[in-house]
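Read from first to last, the chains carry the letters A, B, C and D; within each, the first residue is number 1.
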């Protein structure tokens, strides 16, 4: 157990800090959330800067054009970029963190050459077409079907919770290619052009009033068979491969941000006098313990991934269960700090975050599903009931 | 002792439920929230005509002559229907503010340090400011409105304004401020109760219909127990609210508000969780209930204040 | 809705109070918890006093020797006896509240004449032989078997959680009389003499260190067939009948006691200075809301039972879920009031109660089972999983 | 950064676990608790011989020369085994109190306003009294013992005495009181962690084996999710404890104590719930863990104090 970073790691951090210090002041103003072309351009520009500085695809294997960084370096990268207030991965998210790694692991040489470099350079954006309204938590019960027609699949169905669909060039799509097979065995992974005829994107408004997500309607969209990654009907396994890139780093930036928010809440409470309320003050103290522990658990998971070579970690479920809950608690405490008045003002900091936080126990596997995973796969309790 | 609703009380409840089903069905509820939750004056008048605001005024002065228990039953129904507007303040001001009893006037609630809902539409303002409870109207109200700033409201059903220091606005001081606060808290609690009940029903309905992994999700214990927990929150709160309405005791009212706030907020959150991703969309109604429940939790009597009132009553 | 008591009810209360005031000062000293014969004599004496004053079997139907009181009168009786510090029902519990009502409802005229009067007069005590170690929450899977041999059943098996087994004369026993039938259909209800050969009682020590409960081992115990109440294999239904006597009054005394405890906690906190701790003070305030609500919910349930004629109320599950949890919270708060020092002293008030409270979420149906009942039988969610 | 245990650390942990399995198996653990939890001097000496108490003393002075992280790993194991005795105070006093390092002496912990565990067996007393941390021994200790009153202890593993005002007993003042308190809290947290882990294992084992309604109870989501919750409590606590051991930071130690206390107490309660009625018996071990967890929660640093320390570190 050694929580100190190695000289090499500290050197990596120092170089990164220096670079961030040099490049961030020159960034253009952040675009408005509703300005999709502006957001794409902004995210693309940032990715290009990362690429030019050698930080693009930091955690990708070198043979896929990445830097082959260790999980710890990746943790440092995420920590420092968050601390410095650098742009988020934004529209590059799916390309860099899901579709890209999948193609790197399972694609043919041609597929890798075609799709990976534009992702790293910020030239092509991807979105994800996995979730379906009727499938919900039972993702593998997806019904979007792909029927072979010559060299194409003809795809029809409906997807939901697709981020950045408005500006993506490609969509990593899960489709059912064998309706007779058991549900996990009849799925294929396709790369679909978002400008293909038959693709309709409709913004999906969340309870926070934003349209970060979209629904996607597919009406006889033709996707070349050559755009399938992996074997036909092997898409479920192909997709699971992506998870092996999860090296405990998924929430690094968020935990850093939460700790900063907690400090800001304490400062605000001291300012507006609510710090004198022992109930609130101790509640903030408790949250500090939680986020300190979550930061250490992150380091633990990263360290475990580094030691084991990045094998898929179901330990992520333990982290997510606690984190989702504590982050919701954070914004409940924020409402207390703001008081009964300001907590109702959407223009006050933290109020929209409180609304967004309601999704944490649902998105990417509800807490109920996560508890099943923890109980069955980690604790070895029998499946069932 | 008879804690059962009387025939008359059941009829009253059926009446308001019927009125709301006809005049404020889901489509109208959604439309009201899409346009920012302003008061629908026509519906307000209809409620007035049905005796909603004059419910507790003596029959001799044109009122319905009923009591707080009947009010609480009515407010539970408007809470369930998610009707926007300062219903509690207006009912409390009936008989004092001209037109309030008939549904011609809208009386909004203003509390120190909090934004005011429906300010621009208000014909009068019930101001709770320290120990002085008063009605601000006419010129003082116009002056106050002129100095207020609109707030981008968390609750799409309640337009909010930030107002200057309330102490600068004089008005008719009401002699029974403590009673008004207690009753306001109780009526708000009744609305919370209605909301909590509606969230439970919506969750149960969804759990019965939505299939995942080859079964209705309500067949899974995780979902089943979430729903059971919602009922276990709502029923004690209901007993507390009804009992406080019968006794009018301020400590009981504090208990009622505390438990009803919690039931409304937590049931909305559990309802959202049962709905999964769909619960997170604007299309689902549950967020509207959650936001209103948050709003009402901060009105009349907060949890912290209620706990102190209850603690003071111990020992 | 009228929470005021009627004149008749108030008159009942006044008479009861007067009687309690006259009789309680003359009671003998309470026996030591370990002195079983003393406890039996004490409980029998109290029951005899009740009998002579006309309060025995208050809620039993008149044709069973009871007073046919309304649920509200029963509530008043329980409230007043608790307030006055009268003895608990003690060793008369099973006779008065389970076995007796079952015999009253399902027994033959001879069985009623034989068993009911001695219960009302405090002359015979009953215990309950339902639970089994291997059955647990799945009560109906009980395995104690009864084999017919002439005019007797020969009973062998093991029972657990039997209160007052040391001093009981009779045991209401559930046994399996048909091993082939579905589990609920092969059970019979027997009245077994506790001094019958083959009955062995062994005290069961709980985590609170007490021996309130016992295990009971049955080795070829002969029980006359005439001691079966109801038809053979109909014992499950016969037993469920007992529940129809539950008229919302089960926890009246306990809720009254909890409210008194809460007041005492506040007084102690004011005395020892911990009242200044806002976290603790507000926690006590919240508990006050909870117990006030539980008292009102009790009145509600009683009122409902009175209006409906005492039909079995599954509403009891809602009450029990909340009450179990809140009563545990009460004793956690008590530990805070006592402070880190005194909360460790078994001789301090509330410390043993804290230990006992750990059973509330388990005994008489775990909270998990209760939630199933609420979800399936009240909310109508599908059985299953 | 490497948060993994080193080979040496794993070996150390395996060593103490093996020692405890051989010398303090379940039968001996139960026997120790049945006889009131006094310190087993022979086992205490064996621990001493194995380097348990001298672990962090420099090798030059006969110690093992290891650090707080290794101590924490060892304490997690004694916590898991539910070994009675003032282990933390004795290790902290090693090198100061004669014989403590070797397991010849027992050093008990005395905190203002709380009963003292193992007082009668103590060769010295580590007194935390306001800001003065000192060692009381010899005549002062005998005088203190003479005036102490035995308490009927909630924890069958820890005999307790009520003591008079500690300020009346002088002793050797230790210069690094703040460090000792921080480390004591951390070692207690490590014991809590071991207890939390053991409760989880016991619950999972029972859930796998116990059948109800035709299936192992662990197949039901209600039980499954209780168990999952226990792991979700234990793992962040573990990270916090290990990290605080590495950094020695007092605010991190406060976080570790807070979370580990909660994990130990709540996991014991959930373990009891999973065991149902059998968990409520004296025969089951879980109540022993719960009672010890309650005891330790009140030692070194309480939740209220930890939360204040953490709050003070914010902003």
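To be clear about the criterion, a contact is a pair of C-beta atoms (placed from the backbone, for glycine too) under 8 Å apart; a residue touches a chain by one contact, two chains touch by 3 or more.
Because the structure is a prediction, the values reported are computed rather than measured.
**Student:** Among the remaining chains, which ones contact both chain A and chain B?
**Tutor:** Neighbours common to chain A and chain B are C, D.
**Student:** Computing the C-alpha centre of each chain, which chain sits at the greatest distance from chain A?
**Tutor:** So the chain farthest away from chain A turns out to be C.
**Student:** Could you put a whole-Å number on the gap between the CA centroids of chain B and chain C?
**Tutor:** Computed from C-alpha means, the inter-chain centre distance equals 40 Å.
**Student:** With chain centres defined as C-alpha means, what is the inter-centre distance between chain A and chain C in Å?
**Tutor:** Going by mean C-alpha positions, chain A sits 54 Å from chain C.
**Student:** Just curious, how far off is chain D from chain B if you go by their C-alpha centres, in Å?
**Tutor:** 50
**Student:** Touching at least two other chains at once: which residues of chain B meet that condition?
**Tutor:** 220-223, 225, 304
**Student:** Of all residues in chain C, which are in touch with two or more distinct other chains?
**Tutor:** In chain C, 277, 279, 282, 368, 371-372, 385 touch at least two other chains.
**Student:** Just say which it is for the chain contacts: an open line, a closed ring, a star, complete, or other.
**Tutor:** complete
**Student:** Could you please specify the touching residues of chain C with respect to chain D in the complex?
**Tutor:** The contact residues of chain C facing chain D are 131, 133, 136-138, 141, 160-161, 204-207, 209, 277, 279, 335, 339-341, 343-347, 351, 355, 358-359, 361-363, 366-368, 371-372, 385.
**Student:** Within the complex, which stretch of chain D touches chain A?
**Tutor:** 1-6, 9, 69, 200, 204, 207-208, 215-216, 218-221, 223-225, 227-229, 231-232, 235-240, 242-243, 245-247, 251-252, 254-256, 258-259, 304, 306-315
**Student:** For the complex, give me every residue of chain A touching chain C.
**Tutor:** Residue positions touching the partner: 277-279, 282, 384-385.
**Student:** Please name which positions on chain D make contact with chain B in the complex.
**Tutor:** Spelled out, the residues of chain D in touch with chain B are 220-222, 225.
**Student:** Considering only the defined contacts, which chain C positions touch chain B in the complex?
**Tutor:** So the residues of chain C touching chain B come out as 1-6, 9, 72, 75, 262-267, 269-270, 281-286, 288-290, 292-294, 296-297, 299-300, 302-304, 306-307, 315, 318-319, 321-322, 368, 370-372, 374-376, 378-385.
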